[in-house]
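In what follows, chain A forms one complex with chain B and a second complex with chain C.
Right after this comes the complex of A and B.
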């Protein structure tokens, strides 16, 4: 373990001082970038608190005239948002967990396979991505129905799992490949078994990749609309995107207040999940390295 | 990973999995599903009230509401029919059910709805039919109309046009020019999706678009002067008169409403459902609006593409489902549903009921009276219409109205595009 020492700016050589000053525009850029990213979220929250009449104003303001909580009451009490959010959460979590379970060993195997097998496997993954959803939706629908999973949460999990696996595998394979083989060889020379090498060397280094893959899968499942639209029939099994879509009418009509309220609430769980997991994204990056 | 952590992960996974298990609903007697795209607050409340009343009166044949997304109804129904899991009853638009009628997915409602035939305009009945069989009971429909700011007209000393079949496109153009002053545009017209409006308003000039509907070779598309009359008139107002705000070209149908309420425009052209928004402003801030008489070209007719209620042929309870549709079409029920959507109810009784409810609003009275001008439009009888509209007509019209292509190019694209549709 290394000791950390406080660094005084005056003690730094000129090069390092310059580097510190160069950071100022970087921070300014980051602040602007954050504002750029955060503003739509703030705007959405503002809209969610506006009355139907205020939403018809020509020059809308960021700060609402009043707090029109009815939008939230409507979507929670009358449109079943909580139930849809629960369904989405369960589906996204199960999909992310199962994808991770299947992808980690598969990605390791593909990355460490001899080149020819690895090429075939990755080629197959790419081929599976070229079919448009509209082409496969009806056969998929029939297949899900035949196995008795139509209009069930498990049916959707299965479809999302199958849809997520190729890209997740592709993503994780890249992470595995980036782990130097020397580390595994060093472990082997020290007498570690294959399982120990995987558990003690590869897995800790793979944590950021696993977290990134799981987050990617979770968010994709959380936001997915079309498969859910087709495979879910009962209101009690609806997912969040389906519930939110019901605030939009034809010819561009939108129930803006309730839609913004729903979208605002829908964003929170994914932000929380990301907040919890993002530390893991970085933590594994420095865990272990080849001493040079 | 420590054992406690591993246990927590396994427990969380197990809990999540257990949440995913759903318990199927049980009901005494039969339960029918009713797929509706209703989404406005008032319409949702009315639908739930009507279904609750039905269920109370018919405990052995209850109805369960399934809300659908209006923009994806076609996909939803296509897969549901293919998978034999279609809802017993569903609401959709007439032009879109034609393909399902043709494919034999819908139950014939002719006999069940016969008692209502005399109270529904022949044009609407015909739109819901295929080969003389009724597959979609027409419920409510919209017209396209000019909304006027009454106070702006008063201030300018301009008389508000009244009287059926008198307000012409030329009058409209003159009015728009009159109100185009001091950097203000006379009209805003949300033209982001102009396809449906073009087809419906084309009836003003007897635009047919499709011919040979009953021939074995199938319909053909021809675009001549009557078919191009409405697009070219709009183009003239945008580019020659400069009386239509070009900013509204990228707006949805209801997009210009905020500018209208703020007094930016004296008139907007929109579908009748906009009246529901105007009511909100009238109630909150006393905004004084009205609807002008329907525009007249050669005639004031507009193509009808009503909302319809259909019964799936896959339904095990077609008679009960048809009985539910008749219940939905009862005067008070249909009137309430239509007013919630800002639409015109289809039956004479429900129209009378709606007129009584809105008797104090000149705008609403005008809109509800406009139902008489709705007629059968050929496009609603063309199975390939929906695909042509989405893939050819919509983008071509958008480009024409944005001044990117000429009228000759528009014509060519429409005709060639239809030929290419499989």
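Right after this comes the complex of A and C.
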């Protein structure tokens, strides 16, 4: 849409003279953004491939002298990264699954319920965003400790579920609202029960929205740091961000190569998920916001 | 619109509401399985958290907890260290939000044009959002190392004073550096949302303004800005909320140092609760933070509303 705008503008005689003059600062800005966004990541990847000897040299270059895979082997085998990655994966998967199970029916209800109810629910979702996590964590910590789930994977899943419910509900509600009510009416006319309508008509149309919400929840749990820091104590239950943060605070100050390698590996799943849902994400967030 | 069309729309609306009512009767059954955990897991902890702020609760098993009224808040009012941290928190939240807004808006404007390298930029513009905060912190600390980082190399190469600065360890540069990294993280969500609003501007509108002789600045001022006003207001509000209580990035990058220069209030409350075990006192800090957020939001929303009515 907008692309055609620019073409049309350029075709107008008024704009034609100025066109090249405009493009110089524009491309300077493009290069600035490309460097600002991409260079840090590139630099980290470069360090992950450098040998300890190369890292000690002054005037480091972006392109490493060779591929020093030992950094990757070191961080995976010696620092328990595989175990943390497994924990992170299980926790994120369970959180995403449970969140979906709980939010799909509720999102449907909120989107289709009487205005008063949906107003209260939406209001609550917004209010819950205002309270800082450092406040919410205190009763959650006490509750998790009371039921004996402190320092366990399930305790963290429970807390992540609490944290992700409001936003997942918000996202899904937008997707439900975008399903035309007429379709459900047609189903009702044909004599489908309300459960059948939900299963046969609403659910299939909602699948892309559910996938997007589940992936988003998975990603948030995979990346999360604060709750894990508070709730997990023993190394065998650590999540990936915890292991990396601990490593950075201790040996990582010296072992830059393995640190960069671990950080790079931890990012791959996030990038893959983001690649899958690039478009979905923006439209999903906006769907919730606009149709709220 | 013709008369019949109006009638049709009205008819549709009437039909819709009657049908909607029909579904409403059964809908709460689907809501229950979600609302019970939502109430248990979301409403209850919040009420408990606020209640804790009025007690002398401390860490440890089997401790008796008693209600002490506003005692925590009275103590907090005289806690100069907390207010210092509170001030840093406000500077941090406002600066990160504004910087991310400016950078994200600029990027959205670029992405909305027909340029080379756009595909690459589009992908890269989302990367900071996808990365775990801990990885972001590790990445930037590698970049900013005073002895072997490329930033230091650039400074030396260009003979700019400031080479060999320990960006994250220096009293003067620590907070600005952390703010820049915070803006780097906050950029994508702003870019994506503003870009969506920009792409909603009708082509005809821009063409008409060009034909009417509007220059680039006028087009920006009277077409682009009004189109993104609503989403920008929402984004600023959300970002202030998120940033004021954000924790992970600062914790890993500087842990509040040097000399408390980056000691944001979320970090302060965390230390109070989980380092010193004063749950009640820490909860009162959380409540004060929530009140501050509500205060900042209401001022901001009032101002932006007034500006709206003025135009």
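FYI, the second predicted complex is superposed on the first by the 204 of 292 C-alpha atoms of A that agree within 3 Å, B and C clash if a C-alpha of one lies under 4 Å from a C-alpha of the other, contacts with A are read in each partner's own complex, and residues count from 1 in each chain.
Definition applied: contacts are C-beta pairs under 8 Å (C-beta built on N, C-alpha and C of every residue); 3 or more make two chains touch, one makes a residue touch a chain.
Model, not experiment: these values are computed from the prediction.
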Residue contacts with chain A in the superposition, chain B compared against chain C:
C
After the superposition on A, what does A:230 contact: first (chain B), second (chain C), both or neither?
both
For A:138, decide between first (touching chain B), second (touching chain C), both and neither.
both
Is A:266 touching the first partner chain B, the second partner chain C, both, or neither of them?
second
State whether A:27 touches chain B only (first), chain C only (second), both chains, or neither.
second
By the touch definition at the top of the document, which applies to A:40: first (chain B), second (chain C), both, or neither?
second
Going by the contact rule set out at the top, does A:216 touch chain B (first), chain C (second), both, or neither?
neither
Between chain B (first) and chain C (second), which does A:184 come into contact with in this model arrangement: first, second, both, or neither?
second
On chain A, which stretch or stretches are contacted by chain B in one complex as well as by chain C in the other?
56, 58-59, 137-138, 141-142, 226, 229-230, 245, 248, 252
Across the complex, what residues on chain A touch chain B?
51-53, 56-59, 74, 78, 86, 90-91, 93-94, 97, 137-138, 141-142, 145, 150-154, 157, 226, 229-230, 233-237, 242, 245-253, 255, 258
Taking the touch rule as given, give the residues of chain B at its contact with chain A in the complex, in rising order.
13, 16-17, 19-22, 25, 33, 37, 39-41, 44, 65-72, 75-76, 78-80, 82-85, 87, 190, 192-193, 196, 251-255, 257-259, 261-262, 264, 271, 273, 277, 280-281, 284-285
Give the list of chain A residues in touch with chain C in this complex.
1-9, 12, 14-15, 22, 26-27, 29-30, 33-34, 36-41, 43-44, 47, 55-56, 58-60, 62, 102-103, 105-110, 112-114, 117, 121, 124, 128-143, 158, 161-162, 165-166, 169, 181, 184-185, 188, 194, 198, 219, 222-223, 225-226, 229-230, 240-241, 244-245, 248, 252, 256, 259-260, 263, 266-267, 270-271, 273-275, 278, 281-283, 285-286, 289
In the complex formed with chain A, which residues of chain C make contact?
15-16, 19-20, 22-24, 26-28, 30-31, 33-35, 37-38, 41-46, 48-49, 52, 103, 106-107, 110, 112-117, 120-121, 123-135, 137-143, 148-150, 153, 184, 187, 189, 192-193, 195-196, 198-199, 201, 203, 206-207, 210-211, 216, 231, 234, 238, 241, 244-245, 247-248, 251-252, 265-266, 269-270, 273-274, 279, 282-283, 285-287, 289-290, 293-294, 297
